Amino acid sequence: MGRSRFGIALALAVVLIAGAVVAVLAGADSEGTSARPGLPPSPPSALAPKNVPVGPRPLAHWAPVLAATAARERPADPTLVGEVPTRTPEGTTNIVLATGAAARRAGELWVRVRLPALPEDAHGWVRRSALGGYSPVHTRLVVDRARLAATLFRDKRRVFRARVGIGAPGTTTPGGDFYVRNRLEKYQSPFYGPIAFGTSARSTEVSDWPAGGFVGIHGTNRPDLIPGRISHGCIRLSNPDILRLARLMPVGTLVTVR
Amino acid sequence: MKPSSAGRLSDKGLALLEFLARGQSTEDATAQEPPRTLTRGQLLAGGTVAAGAITGAGILLGGLPTLAVSKPSKAQDRRVLEYLLQVEYIQSGFYGEAERRRALKGELAEFAERVGRQERAHVEALEKALDGNAPKKPSLDFKDATTDPDKFVSTAVELEEMALAAFNGQVPNLTPQPLLTAIEIASVEARHTGWIRDIAGRNPAPRPADVPATQDETNAAIEDTGFVS
Amino acid sequence: MEHRAQLSLQAVDCDGAIAEAVDALTGDTRADFFRKAVIGGSALAASLEAPALAKQGLPKKDTKILQFDLTLEYLQAAMYTEAQRLRALPPRTLDWAKVVGANERGHVRAIRGLLGKDAVKSPRFNFRGVTEDDRAFTETAVAFEDLTAALLKTQALQVKSRGVLAALVSLHSVEARHAAWIRHIAGVVPARAAFDKRTSKAKVVKLVDSTRFVVSAPKTSGRRRPKYTG
């Protein structure tokens, strides 16, 4: 292109750009000239929320115990169902399951909870103020003692399955409804594998086991014994399986032993 | 936990959202106005910033045809307040007449009285903000909407929703001082809306975010009522 | 129809924290309504650990404002969600808690989406019986709807980007609808005054802290050697 034509093209471009800038600025100024333009619309919102349903109903709620208390048969009733300490034997915060039933007595709120007991979890009422915040539970571990298998369900969907070792005759794993109370790891004990979960289940037969005789779910240094009826009541998984389960099973998970 | 991507709009998404709110298709809107390109500086000064709207080059590509980027100004404030005042005149006229005609009973009478008082306070505040240069009051005929209980309820729902949408449509266009007054009023209009919808047996809060109305939409809604002659 | 001039809250919660919070909000004064929930000060402030990187596209100021909003929305959403899930409240209350909760959860999701990497995590909550007692729930819900609407007015004056301003305006009126609706159900006048006043972030922090709803996670894991039956 010749120099003069380039110059003309450049000048044209400048004029066009200037015109466009003026047009944009004029458009941006909502004052208008002869005809009274309408008011500008609201700037578009940076959000477009949709309402969100609550999702699947939790199986339960768990709550930490903030103040040592005792569960009563009825709200503010003198009849005790069981003690509710603040700590588990492992030193973690004790937890109970909240059932959703609540009642006021003499200005205080009482709630119905599920707590560890023999032969299986019991229900009782405690002061709401003894508990911390509620966390929903969406998972259930079903332990089938006949098939020697444990299956984890999340909202009714199966998400994990493994063969297990359970209690030997005479030190059987108790049947019933329980829940996971705590989780231990980074301890040095190959007998229990890399991770161990404590449940609310207690052995009915082992009366003198230290620390209450609570049934655990843990790994093992004897995977050759799984599946089998070989433990003192605990539910044993191979170490790879317990690690897999640990990624899916939070504290509070319901444990149903059939 | 990964945050979901719901709620974040691209520039195209924004444009689409605007069109949908107005019941237009994207094709319609594109045909009406030539696309504009705005500089980053202009957008930040007076326009809208949406997630992802500004490219690395600093120019908004593709244009947002209906994004009339208006810069708030005192002159525009006046026009907004005049418009909102018209809306308040209609409401205060409606409730005032309902009270005078004394046909309503029970909670509807209470509603007309309390809300009417509050709408009159809104009128006063907006007139004051216009330094007494208020526009002419419209000529209103509510027929039996101020006496028949069912018509009163359905009309009140309509007028409160219309007022709220009108306010929501203009609050973001105001300068700070009138913006505060307008949002204090909008808040109470929203309460009126929730209240009367509950009385009417309708869901008081059917969506998580309220949709603003343009001036055209509000004027069309007013025309549809047939109350203004 | 009966209307109470202002909310009066019985101490259905453990220690009157809710009563104080609601009274403070409705204008009555209390000698001392500020309490520390956790070691070291404001639990609410401590929970706002914003990620290091600011998101490009949103002015930094707007990001901070939205992060604070998100925390308040987390609280509201969590309260309605827990109420709906526990089912301890009467069906009539659960009906409106379901609708209002769906809106608040929508707010949470939308603001999280907009903030992206800058979305703050939800605090943990202990609602201390509020989700299990009808009166406490209703009054606390009203208090937080009023509070959120009041805060959003202040924030509308503070945000830089107009898209975020439009967003806050659209959320603000929904909170006010909720407030009026719940008051109406509770038999309290839905719109007390012709103008709703704004409130400051500092006041919101103080009020939320005084409820002690924001708590730290309990220690349910440990490192001790297991003593299970084996």
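Letters A, B and C mark the chains as written, and numbering starts fresh at 1 in each.
Everything that follows uses one rule, which is that contacts are C-beta pairs under 8 Å (C-beta built on N, C-alpha and C of every residue); 3 or more make two chains touch, one makes a residue touch a chain.
All of these numbers come straight from a predicted model, not from anything done at the bench.
The touch graph of these protein chains is complete, with an edge between every pair of chains.
Looking at A-B and A-C, the interface holding more C-beta pairs in contact is that of A-C. Centre-to-centre separation between subunit B and subunit C, using Cα means, comes to 26 Å. The centroid of the Cα atoms in subunit A and the matching centroid in subunit B are 43 Å apart. Per-chain CA centroids place subunit A at a distance of 22 Å from subunit C. Counting partner chains per residue, subunit A shows two or more touched chains at residues 42-51.
Counting partner chains per residue, subunit C has residues 58, 99, 102-103, 106-107, 109-111, 114, 161-167, 169-171 touching two or more of them. Within subunit B, contacts with two or more other chains are made by residues 6-7, 14, 46-51, 168, 171-172, 207-209, 212.
Only residues 10-15, 58, 81-82, 84-88, 98-99, 101-103, 105-111, 114, 124-129, 131-133, 161-167, 169-171, 215, 218-230 of subunit C touch subunit A when the two sit together in their complex.
Taken in their complex, subunit B has these residues touching subunit A: 6-7, 9, 13-15, 17-18, 36-38, 42, 46-51, 64, 66-71, 73, 75-76, 79-80, 83, 168-173, 207-209, 212, 214-216. Residues 20, 24, 27-31, 38-51 of subunit A are the ones that touch subunit B when the two sit in their complex. Interface residues of subunit B, counted against subunit C in their complex, comprise 1, 3-8, 14, 44, 46-54, 106-107, 110, 114-115, 117-118, 121-122, 125, 164, 168, 171-172, 176, 179-181, 183-195, 197-199, 203-205, 207-212. Against subunit B, in their complex, subunit C makes its touches with residues 1, 55, 57-59, 99-100, 102-104, 106-107, 109-117, 119, 121, 149, 153, 156-157, 160-167, 169-174, 176-181, 184-185, 189-191, 193-198.
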